[in-house]
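One chain, chain A, appears in both complexes that follow, with chain B as partner in the first and chain C in the second.
Then we have the complex of A and B:
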């Protein structure tokens, strides 16, 4: 999991791609989402399967943006196997006003970018209540380096002009112990942040190559997070190019985590299986979490097997059924019990997925293990994808943190995606069947036809000389 | 004797006239006004890396010769550049010396992964899409479009295999082209196919104005060119390799290289199979068909060097055409002005308001096409001069001998 290994920073994304669309009204969500997802997949060069109804669904209790409660108006689709490569970076860069020709984006070279431990890019468009549009692009990279230097990370120092359309180009540095080891030395840019505001620096025609050379022999084998965020507001002239540079050492990683998430399949054969999600609370207070899990229709979930176990107690935890239709979530009611079932949606064959949403309250240090069993469904021959023997990718579960005590934004965590092996047919069967039956049919019918339609008349005498018998010579 | 002399003088006169006028005419007889390209790699799995490299090589060529991304539909059945199995992330090579990264920094793939299937391919050609399909996945051609269709993958007698599980037959493609003809969706089509037994795939075409190149006859296989041990698979097919050898010598705007020349540049011995070039009811003379009719895009690019423009702030309204305020070249990064108005903005505004000053545009760059014409004219003129000398020489000898 990303956050476990590299620390918590930025906005997470699940493996592959995801699309979240919030609409103004609840009606006709599916066709609206279909239109939106197709247009967006055209812009970003992703596949059109986002609009597939067997994958996409609506999480009622997960809030993806912190602005307002969007329950029941948000449609969510996740494709864990979507490849992310240069052809997705190109349109992402084309959305920036200066593209990759000026400004911080001129550092981005796909050859370097896709050689890193982790990369993720996202675009967020929100319309606030005053009808102003906010457009936020974020690129998140995890780089492991022995030496922190721009020319090492990106392959090039920052040369060339700043994007003239941006109102501010800022590089922000966090997490280092000693800021004076940087060349050039960063300055205070307000709110306990250090960094650079770049309008003047680059116009002095020097290459900007941020270099960190520690004076003491500290252990610098940490991971460096480069968080490049660009913000645009509605009139388009107010463009902030922010570059957040966080160096985090190993000791700091464990301080940053709030929860530990794990999810895996429990399988015994080609017929049955189970999904187990483990959540551990690493903080010092109680955590209020909602878990959203959607499983495709061919995992026929037995909801009566949904159980939660805790490492603090010996028996299972009782799940209170709060399967209610709510317009606005009232947080105190949701988290009244240790575990409540907020919603269940049963699946439809070749149609919608099965969904369950839980509200959980975890004490500090507690681990919940949520398990549910399923029966593997049967797919038609044509429904298997072209590489059917690989298996199916199951979208990750979403855990979101609620709570008034949180000073942070409401955080959303994703589990790993799963790979489910369904029993596959022999894909060469149609070819085999056709050849065997046509051959058999031909032999029968052909001889039948020949005998029936042979002409009465002369039949050529065959010479009875058997030429292929060769008498052996004397040895 | 007199007649002969008169005749030779008349001849000389005609020749002298010809020296001072351009003689060579462009061989362009094309009737199209825009170019599109559909490039398809139909095979999946790592061991078919070379098909992806083939398709990307043609994509690269076509982009270099001028067709913009908005007019190219690229369909790749599997993505290998950022796959964990690829030792060179973000890079796809078509040669074992790794000179050129086909993926580059600017690539637009329109159909990827599972979307590359027979249904989408035929819908793309005929234009019969579902209503929500985005623009970059549509072939928005009209009756003046020349389309290059390049297919690569595994195939056989009258079929092409998609994704190792579906097939499209020659009759399907012929019918799709006929639909395009009836709906006036193309001017001319060049159909290049590189699979085993490729020539059979265009045996059923019945629509006019289609040219087809296949790389192997019925019963023949098409072979890969060479193996790259650092990647572990074959990286390119023979037909594409020799095509690129030829096409890399073509510059944008080329107006002399015919399709026949391109086809003849590859011998069966080199690619180890029998290629075929066939024209189906072509309206114009097949020998006039140029490579740049399909591989390039017509745009007359006239470049005015920026030196001739004067830079002003937005406040100035007078049309000042002289070079007095020549304020530096935008191209060089060191000379970025300290004004708040960015120089690039000024330049664009300037071109809308004023006309370029023709007297000072003595550095006007001629079209690449005109350059080629001049070159051949020069050859002709040199030849004529030699001819004149020969005439004089022989007439003198004649006089001496008689």
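Then we have the complex of A and C:
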């Protein structure tokens, strides 16, 4: 739910790694996806090659890109446990024509980068209807801003050169109420944003610094709290370019957000549990959403327990089973009812995950709580990872906003990922078995050997003070 | 029998009964291999490839000679020569004939026109069409190593052997001197073409499928952002060759990339005021040849491409203004501007002239792409031979060279496949405790079948099918040899197993045995 925490400034990625591949034809999608995932794994140094059929699936009703009718040809996988680090950044930078030698990419110092609140990097390759390829790389970072100096933010000063391959290198700033307080003067001033265009004749010696000097009349530091969470508006005049991030202010955040998502596990022991997803409409209009949830095969989902509750109504909302062919439907059919079940896929052990897709219509201010129960599977000894007691990461659900009527851009939101504790076998059992059997064997053998090898001898037994009786004895 | 003896005997009874069970659990599963077939294959020699050469003499050359005795004499001499060059797998059949060429070609001095003239005169174009029709009918490409060698005397053209880009017609210009010695010398210079493949410069001997990566590396793009018309240049200079290779030899894919910023840290760059390769005076920069030898990897000069095939890189390096012009300094002789790094690829240095714009078009790229073409020849293992005139630089690989590449690879594949099967068999024999799963048996059987199929095709002179069968045979052998189940096994001989159990059981058994002897001796 990073859009709630940090504002809707880009497309956030789910935790870990994600691969979305759309192919030209529907045939043989699985083997094509496997080939793609292995190549991506090789290029970016990730574990995407483990995106096999037990994890990956096709979301039929989630449109990841702007092209229509691609969902039947789209394959998706998520690896929530994937760590993102320097070994992924280096090949990502290598795709840039100047790599990390010039331009804004020269700011990317891995030590500082992976110490930030949030970071995500993505590569998007799309083919337009005119058959031209576009290649888009995005790096999204959430930084604690104390001073507007690149050396403070990134640990590296921006001293040039600018990458000559780029048509424009621009620093764009949004979310301030008073842009005239910036020095140097921005080249572009727009609605709620300014742009500084960096030119090739950058001064090579000094860091490119932006200074912010708010005027005396302002009560705050000029920062518009509407976007990025800075809850306290009474920081007072601050002429030293210091910005205080005082945490999240729900009221201010929700002003510009469309939905609020929450997802958690309803645990009840080591046998069964439940997944609950809460979606709140923060808009003033009805929202048409589709929810895609993929749960791994060891969460044996009971689909008959799928229920939706609304905070507006006391009873459960009826889920209409649409059971439509994808080619036949259109958006109006999908959202004809308040809640429609678009698709269910049952899981197969070691085969495929459980999937359900819902179409939801939320009124303004309404919260839907979607819950489903599951039975926990018991994995083999070898199937547990090395840190078996940590739990299994469950990929987030995807909420896709369909907004033709409201003229909203189609947006994709991810819920939080979950950490599921499965019943674990006793990993010390092999040691225990060896210890017990060898101990038992040795006890038996020891006493056996003792009996066999003991010598027949004379034992002196005192019967009375007067007499001594010599009696042979075995031991 | 006292209790002690009973207990001892029962212990030894348990050991006696348990030992076979223990031994049975120690045995490993080895799938049955077709050993006889394997050994027969390995001991059998490869079928020989027969190369037919039709030697045609222009009657003008024979003016001063008696035709028939001369022809038969030449045939004998050439047959002797061919035996010098005969390799284990190649045999030659030579026929000689005198022909009358209709036109007066002596005044021609353009090799391309002469080739065209010869093809028309000898109806080669008709043969080509017939061949194409046959191929369409049979739905396969024919490949017959039959070559026509025409001997001419054209005083206006330099002496030597002329290889046309396509077709199996080769002609030798004897120049002004048409005597027997000159003729035999030229023929002696011709035969090395059948041994023009070498492994010394080959990029990899593991596979013939490659991925070519063409990189425009702009060392310092400040002030000059370069672009190149790669598609046009590639289509003109290299595409025909790649098509030829893909059709007949192996699967070669390619990509192109532009990279900026590279350092010359690996190379020591010297500044010099001496005359450069064009004999122009002025400051220029050079890298010594010694430094090049130390380059093992290029590091940041490489592209980011994900492929299962080995990547052969061709880098067009444009030095920055600070190091322009840059050359490679040979100790003696001219400066060069291209070099190869074994295992990585070839580099060509392109020094931008002041007149050149920032877009390198097809003409600007001509020299570099021809250098890449030559480097590709080296990496494929094709030698440039003396006395041969490669008069069409746009044609990278001649048909006869490709034929030899295919035949050489075919024989090499068969030998390698047989050798690896024999090695595997020997390994299995020496390690009876190595587990051989069914999968390996299947691969070995497939490899044997492919080798037999390839050899039978060679006997039928269907070399194309034979070549692709030999490729599949190698793949099956590699799958068998590098099967993961073999590499994960630890091979314990029986002595090693005893060595594991003895330290545990011997101290346990020792007192039992001594007690048993004592009991027996007390009787």
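Note that the second predicted complex is superposed on the first by the 369 of 475 C-alpha atoms of A that agree within 3 Å, B and C clash if a C-alpha of one lies under 4 Å from a C-alpha of the other, contacts with A are read in each partner's own complex, and residues count from 1 in each chain.
Methods note: a residue touches a chain if its C-beta (ideal position, glycine included) is under 8 Å from a C-beta of that chain, and two chains touch if they have at least 3 such contacts.
These numbers come from a predicted model, not from an experiment.
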item	value
Touch count on chain A, higher of chain B and chain C	B
Partner chain(s) touched by A:161 [first = chain B, second = chain C, both, neither]	both
Partner chain in contact with A:101 - chain B first, chain C second, else both or neither	second
Which of chain B and chain C A:389 touches, first, second, both or neither	neither
Contacts of A:432 with chain B and chain C, given as first, second, both or neither	neither
Touched partner set for A:42, first chain B, second chain C, both or neither	both
Partner chain in contact with A:91 - chain B first, chain C second, else both or neither	both
Partner chain(s) touched by A:445 [first = chain B, second = chain C, both, neither]	second
Chain B versus chain C as contact partner of A:185, first or second or both or neither	neither
Contact residues common to both interfaces of chain A (with chain B and with chain C)	39, 42-43, 91, 161, 164
Residues of chain A defined as touching chain C within the complex	39-40, 42-43, 91, 94-95, 97-99, 101-102, 161, 163-165, 200, 445, 448-449, 451-453
Touch list for chain C against partner chain A, complex	4, 7-8, 221-225, 258-261, 300, 304, 306-307, 508, 511-512, 515
Residue ranges of chain A touching chain B (in the complex, touch as defined)	34-35, 38-39, 41-43, 45-49, 51, 83-87, 90-91, 100, 109-111, 113-115, 159-161, 164, 203, 205, 385-387, 427
Parts of chain B lying in touch with chain A, wherever the complex brings them together	44-45, 79, 81-83, 89-91, 101, 103-110, 112-115, 117, 132-137, 163-165, 333-334, 336, 338, 342
